[in-house]
Structure formats: C-alpha cells, structure tokens
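The following pair of complexes shares a single chain, chain A, combined with chain B in the former and chain C in the latter.
Take a look at the complex of A and B:
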C-alpha cells in the first residue's frame, strides 16, 4: 500500500490525527485550564473567595457535619437497586443507611473543604464488593457552613472532568475515548518526528510571511518539537493515571478472585482490617491522632499539614483512621500515611518508606496531577498545554490548506467540513467556555439548579458555534478563509471582556483590588483580558489575510473557468 | 526571594543556550548575519554548541538551587520548551537581538 515507511507514517499521522485531533484539542485546552481549576472555582463562587485554610478540628467541627450528611438522592436511585439483594428484604430507605466511611480533603489552594460519606448497603448482593452510596458536602472551614449544592465548581467540577472524560459519563465512555485519543497522541508524536525528522536542521524556524500552507506547517512542527518532552510525558502519565481504570474490567471480571485475595493478604500484612467486625464502638479523639501524626512527620524532618483524612468502617470495632500529609512541597502526591485504631487512638501502622517502583509511579502521576505549590511551574504547564493546542490546530489548518484546491476541483466538501470542525474546536470552544463564565455571573446565586443551567449555556453556545462554523464554511470551497474564524474570535473577545466587567459589577472585585489582595481572581480576570486582546489581534490579522485570499480566489476561479473551457 | 532570582537567571541562561544552539545551525546563522552565503565554520559551530549546552547545564544548576530536585527537573524541562519557542519567535521577528551573540562567536572563530 505504501512505498516507504515514511509514507505509511504520514498516512497514520494524517488520518488518526485528524479524527482524534478534535478530542485532543479539548483535552489540551481544558487540561491547561485545569492547572488553575481551583482559581476558576473561586472566580465562579464568590462566597469562597478567601485564603486557603488548614484542616479544622475534626472532633468539634467536621464530625458533627459528617454525621448530618445524607446519601445523595441520585446516587441512591441509580445504584441502590443494583447493589441491594432483594431476596433478603426491601431496600433500606435512603436516610436510614448507616455510614461506613468518612473522608475530608483539602489542598493548599482550596479555601473550602471537601468532605464525603460512604454509606453502607446493609443487605448487598455481593458482600465482597464495594457497596457504597455516597454523600458529599463542601464547607467553609472557618465556620462549618455548607455551600449550596447548586453552585457548580466550574473549574474543578466541570473544566477538569472535561479534560479527562469530556463530561460524558454514560458508561464512562468519555474516559475511554480520551484514553484512546491519548494513545493515538503517542503514535502521532512518534510518527510526526519520523515524518519531519529533517526539520531538526531548521529547528527554530517559523516563516509567517510564506504562503499559509508553509507557515502553518512551520508552526505545527515548531510547537510539536519544542514541547516534545512535555507532550510525551503528559500523554504518558495521563495514560498511567488511568491505567488501573482501563484495566479495571479485568480485575473485576476474569481476575476477580485474585483481586479479592490480594485485598485480604494486604489487610493481614498491614494490620488494617479488611471488613467490619459487626461490634459497634465509639470514635476516640481524632484531633489527638492528627497531633500524633504531625509530630511523627516533624520527627522525620518533613513537618506538614493534613491533606487527606479518612475513617474506614465508621462506628465499628474494626474502624481505623488514616491521616495523610498534604504534599504541597514536592511532586509526589499526598503520602506518609499514618493509620490509627479509631476507638483506642493507638497507631496501627505507619506506611514504610516507598519502594523505588512506587516512588517513580508517584512522581510520574504527581507531575501530571500537580498538587504541589509552585506558581512558575504551573504557568509553564499552561504554556505547554497551549503549545500543544496550537500544534493540533495548525495540523487541521495544514490539512485544509493542502487539500482545499484539490477538493474544490473534485467537487468534494472534505476540507470544508474539516475547516468547520476546526473552527468549532478552536474558537467555538473558547466561546463556549467564556459563555459559561458569563452565565455564571448573570444567573442569580440563589437560582435553583444554577450549575445545570451553566452547563446548558456551555453546550448550547458550543452547538451554536458549530452551526455557525458550517454555515460560513462555504468560503473554503471558493478558496477563501472561512469568516467564521474571525467572527468567533470577535465574539470571544467581547464575551471575555464582558465576563471581567460582570465579575466586577456582581461582586465588587475589580482588578485594581484583586491584584493586590486576591490573586486567584485577579489571575482569571487578567487571563481573560489577555486572551481577549489576542483574539482581537487575530481577528484584525485574519481580516487582512481574507482580503489577500479574495484576490487569490479570483485568480483561481479564472483558472478554473479556463480549464473548464478546455 | 532567592528562588525567584534563580528562576529568572535560569530563564535567561536557557534562552542564551537555545540561542547559541540555534546559531550553530547554518540556516539560522544565515538568518542573523543576513548574508545568504555565510556559514559558521566548523570551529565556530563547535564553540556555539559547547557554549549552548554549557548554558543549559548552568540553568539546570540554577533550577536545582531554587527547588527540590524532583521539582527542579520539571521546571528545567519546561523552561527548555519555553526558551526554544522564545528563540524561534526572536528569529522570526527580532533576529537582530541575536547579533551580539553572533559577534562574540564570529570573532573567536574568524581567521
């Protein structure tokens, strides 16, 4: 089929890149936003605009709140019928499920505290399984007041899941699609280097004044190559983070007995009970255990705060408390776990120093999940992600530029469709994102289902951009630049400025104030303004190029006319 | 504060390293001299490469001075990408910025 290895690589790179590139574009862009997901949360929920707090007293504040949490209605309705064994009797009513697991999680960037309860299904179909119905709550750790459920944390609960699952949760299909796209990304990187290996001699080349096809390819190669280590490592570690998930079906089907056996062996080795004893007991002072854990970390010369706290088998004789250190000062994730007997408070187990393999694993996953505190590295990651986005977008444009003449002559609409889809995933995605932020500021805070409507605005405006892109794409057939690029850039610029102004009007937090007092919000506002300026520049530039393209198009149609006359 | 100084110095040295590596490539050397036929001599090429890699190494040391080693390596790798992109942009729109560097090496290697 192909006369050379390089040709076959080019085929792979072109067609897989084209089909999954649209997904990768979403992954790269929302990945870049996720670097600052907590900051976007602050922007979207003005009540949470205060400084990050350390974990408050568990005994006095958290435990009573956890006791008051109820199982989520939706989770109960969906999963209870699947987990409960009807032959043992009717389903336990939602509010009567006993709590089995408590957890609380905070980071150095989170003013709010996220907590959750895992409720036990008393008569499960599969007693060995993970029979939990969940209930979550977000509180203000200064007062213990809960944040309303309707407020969507746009950064960490919408943009971030967009990055790894496209927010498509039906059978977790989104996660699999992103996984396949990531796998193709690895192939695209390798094949790309093979196709363009000659480029290494002109590594730093970008010639914007050459014809579009040439300069776009320059930019594609340049952005692909300069950030090659970033692209490779992030794709690889992204796959690594989800590796256990992708192989999940195996451990819970064919290898199920082995999996269960492993859990039991692990329980006997660590001394952490695998199952409930069935004997009810009281919880001792967790604050005392936290103090002990902190003291132990200090002794090991790694004094720190609590990042994650979990109580397993709540109110049972086998209950234990696990306390993990917040890993804000290094790449690896929360760790140095200490496990205490919940009723006596004595230390059961201190996690031993990690083995080399697990340390490498934690480093690799940690470098992707970035729980550390390092503003420079965070911005460098944003840079890497956006460079990746440029690389993908220029790939689409190159595809169109290379083929549009030929497609037009053949009467095919291929490049027209690709161009419209490229508009949708580049400028259309930006418009959808910023529309969501505008909606967040316009919809009243006390509105019922506010988070739902914000998502409706996001998907709705994205769909409109798709229609707009297709409507305007006929220009491509006439060898013009589709005006949709320019029009959506302008729309984005206007909306981005509107978002900043609306933030000022609705919260009183204008830039002059936030720059000095509250960087998370100032950062979001400034990024919006800078993006808006770039979009305006792009629109002006595109207008110029469109005019040039019109002249060329006239030439082209003259040629075509001549050709048809013979 | 010390780490911020180290980072700024690291950004500068990585840019310097990438710039000098770019000049070691005949295409980019021509771009900066502006003379179609000019080319770095093999000894100039070597000098540029050695200086380039040395600068990158210095920037790694600066990163290590600022952060925990695991973090420093990540910062350094990302700075390499940033600097490469930055040098490419300079070569496109402000190639004369690299003239001083070029002069430094064209003198050493010139007969």
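Take a look at the complex of A and C:
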C-alpha cells in the first residue's frame, strides 16, 4: 500500500497527528499552565494570598478539624448505594459513617492545607473493595479556618485536570482520550524524525520570510527537534504515571489474584496491617511521631518538612500513621515514608532503600510531576510545553497551507474545517482560559456556586470561539488567511489586560505591590501582560499577511476563471 | 456487505490491527512476564513497573511496524495470535502458582 517505509511514516504523521493534534494542543497548553497551578490558585482565591506554611500541629489543630469533617453529600448519594449491601440492612445515614482514614497534604508552594477523611461503609457489598465515602476540606493553616468548599481552585482543580482528563470524568473517558493522544504523540515524534532524517539540516533551519507554507514547516521541524527529548520524555512519563491504573491495568484486572497475594505477603513483611482489627483504641500524639520522623530524615542527611501525612484504620487497634517527606529538593518522588503504630507511637517500619527499577520509575514520574523547588527549571518546563504547542499548531497550519489550493479546486472544505478547528484550539482556547479568569474577578466572592459559573464561562466562551472560527473560515476557500486568527488574538489581548486590571480593582494587588511582596500573583499578572503583548504583535503581523494574501487570492481567482473558461 | 476492494479497507484493517492488536500483544507480554517472574521470587512492583516502562516502548514499536509492514496477514496473526496466547498462558501460570502455595 505504501511504496516505502518513509511514506508510511509520513501518512501516519499527517493523519494521526491531525486527528489527535487538537487534543494534544489542549494537553500541552494546560500542562504548561499546570506548572504554576498553585500560583493560579492564589490569583483566583485572593483570601489565600499569603506565604506557604509548613504542616501545623496535628494534635492541636488538624485532628479536631478532621473529626468535624462530614462525608460529601454528592459522593454519598452517588456511591453509597453502589457500595452498601442492602441485604444486611438499610444504608447507614451519611453523618453517622465512621472515619477510616485521615490525610493532610501540602507542598512548598501551598499556603493552604488540603485535608480529607475516608469514611467507612459499615456493611459493604464487597468487603475486599475500597469502601470509602470521602469528605475533603481546605484550611488556612495559620488559624485553622476552613475555606468555603464551593470555591474553585482554578489552577489545581480545573487547569491541571484539564491537562490529563479534559475535565471529562464520565467513565474516565477523558483520561483514555488523552492517553491515546499521548501515545500518538510518541508515534508522531518518531515518524517525524524518520520523515526528515535524510536532510538533518532541515531540523535547524528557519526561514521566516519565505512563503507561509515553507516557514511554517521550518518552525514545525525546529520546535519539534529542539525540544525532542523534552517532548518524548514528558509524553512517555505522562503515560507511565497512569499506566498501571488506566492504560495497562493488568495487575488490577487479569492478574488481580496475584496482586492481592502479593499485598498479603507484603503486609506480613512490613507489619502494616491490611485490615482493621475491630478493637477501638485512641490515637497517641502524632506530633511526637512527626518529630521522630524528621529526626530520622536528618540522620539520613535529607532533613525536610512533612509533605503528606496519613492515618490508616482510624481509631482501631490496627491503626498506623504514615509520614512522608515533601520532596522539594530532588527530582525523584521520594517520600522516605515512616510508619508508626497510631496508639503507641512506636516506629513499625521505615521504607527500605529502593530497587533500581523503582528508582528509575520514581525519577521518571518525579520528572513529570515536578514537586521540586527550582524556579528556573519550572520555567523551562513552561517553555518546553509551549514549544510543543507551537509544534502542533504549526502542523495544522502547514496542513492547511499545503492543501487549501487543491481543496478549493476540488470543491472540498477540508482545509477550511481544519483551519477553523486550529483557530478554536489555539486562540479560542486562550480566550476561554482568560475569560474564566475575568469571570473569576467579576463574579462576587460570596456567590453560591461561583466555581460552577466560572466553568460555564470557560466552556461557553470556547464554544463561541468555535462558532466564530467556522463563521469566518470561508476566507480559507478564497486563499485568504481566516480573519478569525486576528480577531481572536485581539479579543485575547483585551481580556488578558482586563484580567490584570480587574485583579487590581477587586483585590488592591497591583503589579508594583506584588512584584516586591507576592510573586505568585505578580507572576500570573506579568504572564498575562506578556501574552497580551504577543497577541497584539501577532494581530498586527496577521493583518499585514492578510493584505499580501488578498493580492495572491486575486491572482488565484483570475487563474481559476481562466481555467474554467479554457 | 462492506466493499473489501475499496482503498479504505486495507488502511482500516491496518490501523485496527496496529492499534488494537498491538495493545493486545503488549498486554499479553506484560501479563505473561509478571506471571512468570513472580513465582521466581522477583519483587512484584519491580516486575510490574519495569514491564510497564518496557511495554509502552514495545507497543510504540509494534504500532509503527504495523503501520509500515507489507505483510498484513502476518501483522494480524502475530499481534492477535500472540496477544491472545500470552494472555491465556498468563492466567494459566497465575492459577497454577496460586494453587501451589
């Protein structure tokens, strides 16, 4: 079917890249934003604009708060009927569910502390299953005061999940779609290198002043090649993070019996009980355990703060406390977990040195999840992601430039559709993102369901951008540049500036103040202003190119007319 | 009745075999390696993580091979035949190991 290996790779690159590229665009862009998700959270929730805090006293502050957390209504209504065994009696009322697990999590970039409780389903249908109904809470660790729970953390709870699940949670379909797209990204990178391997020099050539098709292809090759290791590693590690649960859940399905057997063996080796004993006991001082854990870390020459704390089998004789380091000083996700008996405070287990496979895995996933504290490296991640986005976007434009003439002559609207979708996923996505930030500053803080309406604005404005892109796309058929590119760039530029001004008006935090006192917010504001300036430049440049294109289009129509006459 | 002589047919067959067959083959390979190495006393999560890392790269290679090869029959036979065989064998191995404890 294909006359050569290279040709088959070109086919694969073009068609798979085109169909899944639109998803990849979303993944790369929101992945880049996710590097600063906590900072975007600070911007969108002004009450949380204070310095990052270390984990506060568990005994005095966290335990009483965790005791007061209730199971979430929605989680209870959805999952309780699925988990509970009706033959053993009616469902336990929501507020009477016993707590089984407590946890608290913070990072070096979090002023707020997120905590949660896993509540036990007393009469479960499957006693071996994970029978938890959850209740979560975000607090100000300085005072213990809770943040309203319908406040949306736009960075870590909307942009970040957008990166790996498109926020489409029905049967986790979003995660699978992103997974397929990521797999195709790896295939596109390999096939892209193969297509051009004969002319290696092409990878590092950029001729901005040649015709659009030529310079766009240059930019596509350049951005693909310069950051090739970045693209490949991030795609690969992204797949790896989800592989065991979603993409190749071999040990959670077919080989589950083997996995369960291993868990049992492991529980007997580690001394960490797999199940509750059914004998109630009290919790000893967790603060004392934290002190002991910190001392052990210091002895191992990796002194650090607590990042994650978990109590398993709460209030039971088999209860144990697990304390993990915040891994802000290295790439690998190393928790150096210490586990204590919850009622006696005695150290049960210290995690042993890792095997080579596990070290490689923790390094790779750590490389992707970047819990480390290194601001230059964080910015490099952002640029790497954006370079990937440029590579994908130029792929679309090259597709259109190469084919639009032929499509028009054949009466096909292929190029027109691809161009409109490209506008939607490039400038349209930017408009949707910044519209959400503007809505965040315009909607009153005390509004009920504010987070929901912010999401409505995001999806709504994106849909409008889609309609606008298709409406303006007929220009492509006449060999013009679609004016939607320019118009949406201008809209984005205006909205981005508006977001910065609105932040100033509604919170009093203007740049002159935040640059010296609060970088998380200054960083978001400055990024918005720089993006706005780039968008204005792009709009001016597009206007110029549109004029050139008009002359070419006139030439083209004359040719077409002649051809139809001849 | 689908038109098998249409030019779309071989490409659809190729894509299906490469994507789905490649996945099945990789699944089988991961499963049989885990099922075969655990009884030998190798750490469970080491085998699992190692095979997932390798598996992703193997799946990628199979997919690229499938998109390029001339021998569509072999593609179907190896990927689906091999995938099913290894998957079934993995279950058999698992069962005999767990019964033997």
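Keep in mind that, in the parts below, the second predicted complex is superposed on the first by the 554 of 566 C-alpha atoms of A that agree within 3 Å, B and C clash if a C-alpha of one lies under 4 Å from a C-alpha of the other, contacts with A are read in each partner's own complex, and residues count from 1 in each chain.
Criterion: a residue touches a chain if its C-beta (ideal position, glycine included) is under 8 Å from a C-beta of that chain, and two chains touch if they have at least 3 such contacts.
Fair warning: this is a prediction, and the values are worked out from it, not measured in the lab.
Per the definitions stated earlier, placing chain B and chain C onto a shared chain A by superposition produces no clash, and the two fit side by side. Looking at the shared chain after the overlay, A:9 reaches chain C, while chain B stays out of its contact range.
Of the two partner chains placed around the shared chain by superposition, neither chain B nor chain C is touched by A:135. Contact with chain C, but none with chain B, is seen for A:361 once the two complexes are overlaid on the shared chain.
Of the two partner chains, neither chain B nor chain C is touched by A:31.
In the superposed model, A:451 makes contact with neither chain B nor chain C. By the touch criterion defined above, A:186 reaches chain C but does not reach chain B.
By the touch criterion defined above, A:244 reaches chain C but does not reach chain B. One geometric descriptor of the composite model is the angle centred on chain A: between the Cα centres of chain B and chain C it reads 90 degrees, in steps of 10. After superposing both complexes on chain A, the closest C-alpha pair between chain B and chain C lies 19 Å apart.
When the two complexes are superposed on chain A, none of the residues of chain A touches both chain B and chain C.
Against chain A, the residues of chain B that register as touching in their complex are 7, 18, 22, 25-28, 67-68, 70-71, 74-75, 77-82, 84-85, 87-89, 91-92. Against chain B, the residues of chain A that register as touching in their complex are 201-208, 222-223, 225-227, 229-230, 233, 329-332, 363, 367, 372, 374, 376-377, 380-381, 383-384, 387. In the complex of the two chains, the chain C residues touching chain A come out as 10-11, 14, 26-27, 30-31, 34-35, 38, 43-46, 48-50, 52-53, 55-57, 59-60, 63-64, 67-68, 70, 87, 90-91, 94, 97-98, 101. Those residues of chain A lying in contact with chain C across their complex are 1-2, 5, 8-9, 11-12, 183, 186-187, 190-191, 236, 239-240, 243-244, 248, 250-251, 254-255, 257-259, 261-262, 266, 355, 357-358, 360-361, 364.
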